[in-house]
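Dropping the structures in below, format is structure tokens.
Okay, so subunit A shows up in both of these, paired with subunit B first and subunit C after.
Then we have the complex of A and B:
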């Protein structure tokens, strides 16, 4: 069922091999959007969804799009993430939801040979991901750091200014969007959390207290201003891409 | 059944899954012998799978070193073999069977070390069991003398094999072999290692969640290692609620029995406290049957029935029953568990601090290491690097157990020897 939908991605992947890297990134962007949407439909909490995206990105860090079908890897990532984060999902639910994504408005798949084959593929691919990642599938996500940073920052700034600007919501949304690209697995969780908070604070022009240290140095002491800039610009590129490829 | 150098070609990891491995699945195991005691050792016993000789070793007291015998030296190990391939290990006998895995004793053909092979069936509808995934992913990040070491992972088409270091026995068997309570000196050494292991995993934000004597492996020297991380999980702040069905009932703290799901490291501390009492007393601290309420009654009989005054919030917990307001006063631990009365007060004090009903009041593993109970141990123990065993410190060694049913002075017929697991 994926073949029809992803032939476009495949040809793009082939293009990518010839020259442009961006086609590959676009494919990953689309597949991650698929993971996140599927996660919502399956009622997954944000940690399992984040883990699923991280698994997907880690897998394709070393594997090639020409060899592995990205949507199958995505389905198995969702399945595996459910096990890792203790929100168990049934393969059948995952397959049905994905089927509806690829063929909107159609009936669920018949329980015939094709269905069982697909299920076996999802289960086999799970093992493939485990092997490729060498069983290192428990990740530390930036969300908890963001939560702690938010509490600290709230105490640093003017109460009224804080109430006017939806900093927490914005930072949280930015963080979720990080998972569309491989930045989510390329930077330490503390740095990601700080960068999205920094971006949110900048966007609303929130005035931060100044002193000997920058405010963010008080939260995380092993990051430089340059690194924050880098993560932010990568994140902004992702938003730029959304317009181009969705 | 001999194997020689180069008899098996080394196999690349990628080709391997489709080769049904000889060493993992096709060798007969364990049914060969029924333990004829007192045979003379053979130099190349592992060539011919002399399982019966291993039984002899196992039948002896665990506080005895394994005879100090070195199994090899003359044998040339196949240095061409690699980690990650099934042909690099030879399995010797079945040690036990779990819900999703079978454990074999094996030997590494790379370096001659004994290993425990946990063979997990993956040809199921659900793929790799989630407990196996968690066990592997957590253990990969843990390197500590009191945590079982995961050497290697092997993938084949039908199964997944985790290669662990081989540890001779476990605390459950040690307790069976030394009935009536252990030597208090040894209890202190075991307890220190248990708390040390817990302090390490809690420091890595991991809960074990399934502490029980069967999951504490004991080497012949007396090294204690936490094992079976299938139910363990990384704990992160802020805590989410976890699935409620975890710890074996006997070692489950009252807050979890009452249905609380926001448990934390105090969960493992309660389990360790129960094991502490069990080692001293020789019998489980709170042996309930299968029922949560009976288990709670056993605990209330010692700690007293909790009230909203002495445990604020207790009445909000899902399994709380107001009819517990029957009089059930707290008792002195020394009156319940007689061995405590014969020991200095600090023993009882540590037990009390570990077995507090209110989870946040229980002592942490980190603090427990500093408890006066451990004062009599040599001080360098607290400065050991993570991967160094406590037995490396001069003066730390197990003492003989008073009631060693295998000791030469109290010879029992070998048929009475409990073989709790197949050796």
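Then we have the complex of A and C:
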């Protein structure tokens, strides 16, 4: 895994020479993509994956990329997130999937000394993350806000219009995509939820009744149109970053 | 692309989106195909919120192929039965309109737009007429949640839609002004704003059909209405505050509940990121699949280690490895086949067969599994044949032939068995008489039996006194009767030799002659059983030599254990054949001239004991024990000889089941050789010929004992009871063994007493 990473680092260095988004953000984007992909392969639900990304972002808010190996932190974050969100994962599965991520198409690892060393380092790193975050590993995610908003909005619109447009799926996907970057830990969960819902509703051009307050103002009273816009543009940047990083 | 959805979006955002989209999606063939068609219907944008819409439009245009993909909607929202929510799995919020302060007119319009027949509403009766009653709507129930109380909508419930209760002539007399009524919407007149309701359950949609219609109470009003009521009264309440104050919002599983409610699938990865589309994920990268292949290779490693153990004879370790492999990867074919082979080697044919069958189930073309299963089935068939379970044996042969019709052994065994069955049918008439006799015997009471035993014993003892050499005659006759068994002849020769040597002890010799005779007899029986299934005849013959027949018939317990020993001796010599070890045997016999009977056979046995014990599954400690026991017996000579020889059968007793596998269908030496040859071919490790043969013999005697004790169970019991009181010296042995030993001792004593007379 070391080898795979150093080669990636080299390509990152080449990217940095061309300028553009800072190297660090790109690395984080790649590692988060790695977390999300691994989560899919591990059959994780959305909440644990989001927690893993949030753990990762929180960790590197205070720690330096120079000192800590981001992919190891990511693996431990996945492991820890599984515990936090009550979807327990086995280290063997995590290591297997990650091993294949770095060496696509290879045979699974032998369960020998090397495997156990890797497992030890994952577990050790988990403790490191816990200490670094002062054992505050429970996050308030935007997911449940979004889902409640979705139910309320569904009651507001015509049921056939709702059935036609995949608002819920789109908003859910957008919310999960937020975790590629650090916007997921920089904004309050309500704002994030509202921004992705707004984007989804707007994307499909759903007509909403309007009163003294817009529907999104009613849902969250301390958000302004500007803030929604900011989050949306940050999300858009993340989508742009995908083309640059991957 | 979902054209309708795209059109909806374009008509919402207007011209600017279309131009952006044409620019961004020009490489998307789906879009270019419909672009011109879309351009027609697009008018100027409706919304004026220019700032945020540019971002939105950018997003839409870039992700249009994903947003409007026809299969984007992942899961159908589940049409679950509406249930009256006594508990709140998620926060049930008042209608959003209440927080938005949507104007009266608009609310009325969208209510009439969205409400449909089949919905459930709740209202209060405001007047009752003779053609029905009118209600003022308070709230909606179920599918849509709207704030309609202040709209002052009225609905008519015609009298024909009020179910009659039977007691009342007029169904309407049951209702009063002010009652809360839950009813289904029967008809909506959107133009005139007229609603008709019904109290018949058939008027509501199927998902709500379990709901009870009619008069309801204040407590049964839906939660969203009650919460909304509070918001109306206290204007400081905001959506967020209500949300966070509810219990359902802090329910940790509300995410799962709501995802199911909204029909969002968690298992499918949905993302707007192009790299995270499900098509980029390969099945073999998923954790479960990697684990599977990893476990399989790990299990294979264990199997390999197990096979190595097996080859060097460490069968217990091999079994452990195989079991570990199967624990890691259940139904690992290689592990199952290897374990089956080991079971077969150990004699657990039934277990072996089941292992092979499971292996073949998951991989029906596995060559070794098939081959081994065939062989094991034939082997087991032979075993069953010996146990007189001819039909099941036939079934097994058929099974083997079904697997591999060219399998020689199965063919032969099958033909043989069929011949045997035919023969047995022929013999049935002759047998009938014998069976009749047997039946009578069965009816005999135990007391009669006991009397008979005593009588026979007496007779036997009398005979014994008279003829001590009768055994030699019987043995020669028996060996001549056996068709071409050179092994039997060799064995009997040896015994005769031995007998000659040990002539100096009358008591000793006596014991041995009788036992050796029995041993030979049992062999002979075993052999003849193969050719002739008429086992009854064997057990109840009417030969000239009545002594031997009585010995066999009436003293099964003592007889068996006694002949076990000489038999083992015979086996050893047989197994070694013409090899030099025969000389060793003779040598040792020469050395221990003073006690030829005991030390002769035990000396070489000591050498080979470990090998003999290993395959039987019993720990090598057994062998050590024997060695230790037998060692002193040779040194001390005769005083020890009795007990030690008695212990011998006790040892071979428990080993019995392990050897069962080797009970082949034929006792001829050529058969053994062939079998062992095959054995070494079919299983990874070679199996020693002599081991095989030995097992075969002891197995046979074992089986005979079983059958006899079944026949004479009653007798044995009575004998045991009588003699166990005399069995003093062996306190540390199990009680049943003790009683057997005491019987032997008693028998011995009696014999010697007779001789001294």
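Operating definition for what follows: the second predicted complex is superposed on the first by the 227 of 246 C-alpha atoms of A that agree within 3 Å, B and C clash if a C-alpha of one lies under 4 Å from a C-alpha of the other, contacts with A are read in each partner's own complex, and residues count from 1 in each chain.
The rule is short, and it goes like this: a residue touches a chain if its C-beta (ideal position, glycine included) is under 8 Å from a C-beta of that chain, and two chains touch if they have at least 3 such contacts.
Treat the numbers as computed from the prediction; the structure is a model and nothing was measured.
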Output check: A:111 vs subunit B and subunit C. Expected answer is one of first, second, both, neither. What do you get?
second
Counting only touches as set out at the top, which of subunit B and subunit C does A:138 meet: first, second, both, neither?
first
Of the two partner chains, subunit B (first) and subunit C (second), which one does A:147 touch, if any: first, second, both, or neither?
both
For the three-chain arrangement built by superposition, which of subunit B and subunit C touches the greater number of subunit A residues?
C
With both complexes superposed on chain A, which partner does A:88 reach: first (subunit B), second (subunit C), both or neither?
first
Of the two partner chains, subunit B (first) and subunit C (second), which one does A:130 touch, if any: first, second, both, or neither?
first
Figure out whether A:79 sits in contact with subunit B (first) or subunit C (second), or with both, or with neither.
first
For A:63, is the partner it touches subunit B (first), subunit C (second), both, or none of the two (neither)?
neither
By the touch definition above, which subunit A residues appear in both interfaces, subunit B in one complex and subunit C in the other?
45, 47, 86, 144, 147-148
Over in the complex, which subunit C residues touch subunit A? Could you list them?
4-5, 8-13, 49, 51-53, 55-56, 58-60, 62-63, 67, 72-74, 77, 90-91, 93, 95-97, 99-103, 106-107, 110, 113-114, 116, 143-146, 238-240, 243, 249, 252, 254-256, 258-259, 261-264, 266-267, 269-276, 281, 285-288, 290-291, 293-294, 297-298
Flag every residue of subunit A that touches subunit C in the complex, lowest number first.
33, 36-37, 40-43, 45-47, 86, 92-94, 96-97, 100-101, 104, 107-111, 143-145, 147-148, 150-156, 158-159, 163-166, 168-170, 172-174, 176-177, 180, 190, 199, 202-207, 209-215, 217-221, 225, 228-229, 232-233, 235-236, 239, 242, 246
Under the touch definition given earlier, write down the residues of subunit A that touch subunit B in their complex.
45, 47, 79-80, 83-84, 86, 88, 91, 119, 122-123, 126-127, 130-131, 134-138, 140, 144, 147-148
Write out the stretch or stretches of subunit B touching subunit A in their complex.
122, 125-128, 130, 133-134, 136-138, 140-141, 153, 155, 160, 233-234, 236-238, 240, 242-243
